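What follows is a set of structures for review.
Two complexes, one shared chain (chain A), two partners (chain B, chain C).
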Partner chain A sequence: MTTPVLSIRNYTLEYLTGAGPVRVLQDIGFDIAPGEVLGLVGESGSGKSSLAWAIMRHLPKNAREVSGDIRLGDTDLRALPGRELTRVRGRRIGMVFQDPSTSLNPTLPVGRQITETLVTTRGLSPKEAWTEALALLGHVELRNPEALMKRYPHEISGGEKQRILIATAFGCRPELIVFDEPTTALDVITGAKILELFTRLRAETGVAALYISHDLALVSRVADRVAVMKHGKLVEEAPADRIFRAPQHPETQILVDAVPRPERRLVHDQPGERVLLAAQDISVHYARRRLFRPAPPPATQAVGFDVRAGEILGVVGESGSGKSSIARALTGLADFSGNIRFDGRPIAAGRAMDRQYRRAVQIVFQHPDSSLNPRQKVGEILARPLRLFGGNVADVGKLLEQVRLPASFADRWPHQLSGGQKQRVAIARAFAAKPSLVICDEITAPLDVSVQASIIELLLTLRAETGTAYLFITHDLNLIRQIAHRIAVMRGGELVDLLSIDAIDAEHVHPYTRDLIAASPTPVG
Partner chain B sequence: MSLSWILRRLLLIVYTVFVVSVLVFGITQVLPADAAVTLLGENATADALAAIRDRLGLGAPIWMQYLRWVGHAVTGDFGLSMRTGQPVGPEMVAALGRSLLLAFAAIALMLVIAVPLGVVAAVRQGKLADTLTSLVSYLGVAFPEFVTATLFAMLLADTLQWLPATGYVSPFEDVWGAVQHLALPVLTASVILVAHVSRMVRSETLDVLHSDYVRAARLKGLPERTVLMRHALRNALLPVVTIVALDVGYLLGGIIVIEEIFAIPGIGRQLMVAITARDLPSIQAGALIMSATYAVANTLADVAYAFLDKRIRYD
Partner chain C sequence: MTDLLRRLVRTPQGAIGLLLLLVLAAVCLFGPWLAPQDPEKIDFLGRFRPAGAENWFGADQLGRDVLSRLLVGARSTIPMALAATLLGTVIGSVVGTASAYLGGRWDEAIMRTIDAVMAVPGLLLALLLVSTLGNGATNAMVAIAVAFAPGMARVTRSVALNVRNQDYVKAAIVRGERGSWIVFREMLPNVMAPVVIETTIRVSFAVMLFATLSFLGLGAQPPASEWGLMVADARQYVHQAPWILIAPSIAIAVTAIAFNLLGDGLRDAMNPRNER
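Up next, the complex of A and B:
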């Protein structure tokens, strides 16, 4: 048998905290053979990132390694002193990070950031490194590498940045590359293309990889074997095609069930015929009109649609397609031109929106961290809309129970809650106003797949109880196909398709809609 | 950064100086100082006072007086000092030159001390070097200028007799003498600023060292030295540009005490003398020149910032 590229044995890790040591990894052990891709799946907090940092030898100061071995080939990584570690990083283990936009230095041209790595790790001369970098960029299908090399990170898109980081990692010709959720921060189509790129480069170079993600469907497509992690322990390890078909451990079963599958509908009723909200020719303008200068193009161009009472209307599209601008216009957060009628009544734009409309249309934002005031307790956050819209402040407890949180959470601060719990509070805040339409703007995007599933379940229960309609904005087509009655597809500020869910596979759909469907990862098996 | 942006910044300077000129002129109008009385003394006859008011145009409406003053000021003519009878403009500009020399020397010395201090404190966060630099910089701000000045003067001028205690020598006449005379005031002024900047450099460097791109730079195998010099410092030092511009303002007005202690005829001291003597043309000229200098310094800082940080788009 050949020596594995990476071999971990009995690895246990603790973080020392004020409340004593917290065990984050317990008896971890696995091998990655040369040329093999191991997928590592788990919810956030399961310890998968800690394991990545342990392999990269970049643990926080309060980390304490209790026991175990981490070997890269014949090298004992734990025994390496700092100087030799620098010689291993990049040269023998590369890493690709979750967020490409923060992983590049904002004040250095991207070309420089590639060549400096090639100069250090492969000992090339600056000139050779420049030529090599051009070749690498061309190889990851970036157009016009010459010009790109001279750009700064803020001048290029997220997908391009991730390609550059991947090109750099592969360009150093390491034995192993650690991928830490490399597509999570990207939209579906860009993410799908990055996955394609990963698969191709891997096949060409035969480098071994550890691919970390919370998305079991995605991992099962790229990995040879999948390891499932829960509370710092490996609960199951199996070939990728088997993990979906025959999950052994209950935790794996939960992850498998949580993966949204378009063919499994969660909503079975049909909405009423009554039109709740009718939007016509909505164009959202952000920048102020300036003297001597043409007005900037609107973020959305004359978009029109209606939402029926009790309907779930999905809005999909990649980032920058204008989805969120629609949400901002409908809630009076952005100026727009066009008409909105609500319950047959015309609604004024922007600040002039009346209170009755503002009460009836509520919004839940993507990031509960920034939409909940960190200096207010949950009780105060929920009492505000109750007071504003004539509810009873004593109902805070009931609201919390409505979103399946204990009433005692009213005394907690937002930072004491998990991401899913915070999003439940944000949902409770929206429902405090007894709305007839709730706009959900990518509300599950920052959450794990399993938490996402429970939030969706909550939204559907609330809808059954109150009859609320949803405008559900997302980039996850698989998810929206499970719940929406109709789907609006946006691209570049325009509405390209507005389809009933049954018609989504039909012949006449817009080619872009078909691309979106093709880009959505479906599980293997 | 475009030409039109720079033009608009220049216009902004003009606008700032205009607003200040209105304020300065307005304030000198409401000051309890009558130019005629100041000139002729308390015992002047009513006829003499009326004659001089007529000659100075003090009887004209205020806006006329303002326009006449501004009209002359743009040509560099700020009128004659009521105290010395000499033209105010050249005197104030010369004083400004002395203050700027002091200010820039102090800023240069401060940067040489503060930047390495802040970086070392950040790299050795929580260790002895960090505690020591914090202590030194807090001592710097904690002492008022006159205490620091006195301590330095006692040690370097009195006990060791290395430097002259007071006075000003122009560098155009005697370079070595100028350096010797400037040493004490520059040292005093920079000690106060070191605290500002070194604390700022420390916290900025800490932020940057914890950023994702520094982590990425380390994990792609760059040596720590390169990570620090190329990736961390470049970003950590950007905000220092802004602080330095603000410090120019502080130095121009705030080192009155230092100029007073070391008998340097800078613009702060000249303005002080003018205010005590109710010398209105000198007050007006001094205030206007200082505000213009400040506006220019801030604009230069913005231009420098835009040049260093490509993310900032000026169009």
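Up next, the complex of A and C:
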């Protein structure tokens, strides 16, 4: 048997906090063989990133390593003094981070940052480094590397940045690369291309990798073996194809079940015939014409669609495709031109939205942290729409129970709740008005897969109870294929496709829709 | 709240600032009883008496006890400065938050007006107002409040612009809340932290501004023992009896430092990131 590239044994890590030591990693142990990719999956807070930092030897000051070994080849990483460590980082272990926009120094041209790394890690001369960098960038399919190297990070796209970071990491020829959710911050299609690139580079270089992600479906496609973490413990470790087909541990089972599968429909009924909301030629404007500046182009072209009573209409598209602009127009947060008819009544502009419309159309926002006022208790937050729309303020407890939270949560502050619980409160706030249409703007995007599944389940139960229609905005095509009756596909402010869910695999769909489907990782097995 | 206090005391600036302020508060409350002598008792034999057993901080040109005058004068100095700052903060933070909420042309109009007012230095503006309103402590207080409001409005607006983009404000707009509710209930509570810090730091400016006005003869009027006025009176005798000048100057400086330290401490205590 060959020596593993990375070997971790009985590793236990604690953080010292004001409330005493908190154990974040407990008896972690695994090996990564040369050329192997180990996927590390777990919910947020399961300790995946702490483990990555422990391997990189960059732990916060209050971290205490209780026991265990971390060995890179024959080197004991824990025993290395600071100066030796800088020779390991970058040279022997590379790392690619989640958010490419914060991983590059915004004040230096991209080329300088790559060559600098190559000069320090591989000891090249600046001239050699420049030629090497050009070759590396060309190799990761970046067009015109010469020009790209002279640009600053804000002048290139997120996908390009991530390619540059990956090129640099591979270019240093390390033994191991740690990837910490490298595609989470990117669009579906960009992310899929990055994954392709990762697979190709790995096949070429044979470097070992630790691939961290919360997305089990994605990990099972790129990794050879998958390890599942829960509350700082490794609960299961198995080959990638087996973990999906035959998960052993109940935690893995939960993660596998939570992965949205397009073929498993969760909604079986048909919506009513009555058209609830009809939007025609909606185009959204963010700024008006100024004295010396022409009006900027509208965020969306003229878009038209309708939502029937009790229907779930999915809106998918990349970031910047204008899908959130539609939500803002429908709620009067952005100026728009065009016609909206709600329940047969015309609504000409945001100002014309009366109390009846504002009651009937509710919105749930993407970020649970910012959608609840941190200075108001949950009870106050929920009582306000009740008071405004003629409900009974004493119903706060009932509302909380409706979203499966204990009624005692009314006395809590938002910061005392988890992300999923906050999102439930935001949903309760929307349902306090007894709406007939709820706009969900990427409401599951910042949540873990398993929490996402429970929120979706809640939305469907609420729909069964109240008959509400949903306008469900998301970038997750697999998820929306499970629940929507119809799907609207947007790109660059245009509505490219509006299809019934049965027709999504049909021949006549727009090529972009087909690209989106192809880019959405479907689980193995 | 108690949690905040505990974190405040844990920072050295906060602890010292709080201690100094407690002493100053005690002086404001019990000054007349603490004073060893009548602050206005004239003693011609004791003119310019240096610090000693009879007069701990010396005596002034009329033989009045400097320590007693300081202790009694605290009442007309610190509460006035505090009131002026609070008034300025309330005006400024409401205007700033409202401006951020209204946005667009309203925001532009309000902020450009504020810029125009800020172009006039605070002291000059206060002088202008006092000379229009007439001399006196109350008018000086109003003048300082008005001079402070634009700065507070700017600070508040910059914070409120971030809050304006938060989803809970959008949610309030979407459900059709009135503007006053959004400004006072949704936004203001969330901009308070930086405003409170700014206020404590500004109190020290107010103490000095108020002293300056009194020094120029526009604030408190003689024979009041307001500290700024004491400095003004002592100016001519600086060569004969420097202590008459130094004692109230030190008192003003200590007050300013105390509020500044408290502001620094609050800034650290209110930043939850420092917990880790």
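Remarks
Please note the rule applied: the second predicted complex is superposed on the first by the 519 of 525 C-alpha atoms of A that agree within 3 Å, B and C clash if a C-alpha of one lies under 4 Å from a C-alpha of the other, contacts with A are read in each partner's own complex, and residues count from 1 in each chain.
As a convention for this text, a contact is a pair of C-beta atoms (placed from the backbone, for glycine too) under 8 Å apart; a residue touches a chain by one contact, two chains touch by 3 or more.
What you see is a predicted model, and the numbers here were worked out from it, not measured in a lab.
Contacts of A:107 after superposition: chain B is touched, whereas chain C is not reached. In the superposition on chain A, contact is made by A:433 with chain C only, not with chain B. In the superposed pair of complexes, A:482 makes contact with neither chain B nor chain C.
In the superposed pair of complexes, A:374 makes contact with chain C only, with no contact to chain B. In the superposition on chain A, A:190 makes contact with neither chain B nor chain C. After overlaying the two complexes on the shared chain, residue contacts for A:402 are found with neither chain B nor chain C.
Contacts of A:94 after superposition on the shared chain: chain B is touched, whereas chain C is not. By the touch criterion defined above, A:332 reaches chain C but does not reach chain B. Legend: residue contacts after superposition of the two complexes on their common chain; A:50 is shown touching neither chain B nor chain C. Across the two superposed structures, the residue set of chain A contacted by chain B and also by chain C is empty. Of all residues in chain A, only 56, 58, 82, 86-91, 94-95, 97, 99, 102-108, 116-117, 120-121, 152, 154, 165, 168-169, 172 touch chain B in the complex they form. The touching residues of chain C, when paired with chain A in their complex, are 166-168, 170-177, 185-186, 189-190, 275-276. Of all residues in chain B, those touching chain A in their complex are 211-224, 226, 230-231, 234-235, 238, 308-311.
If you check the complex, the residues on chain A that touch chain C are 17-18, 60, 62, 331-333, 353, 355, 358-359, 362-363, 365-367, 370-376, 381, 384-385, 388-389, 426, 429, 433.
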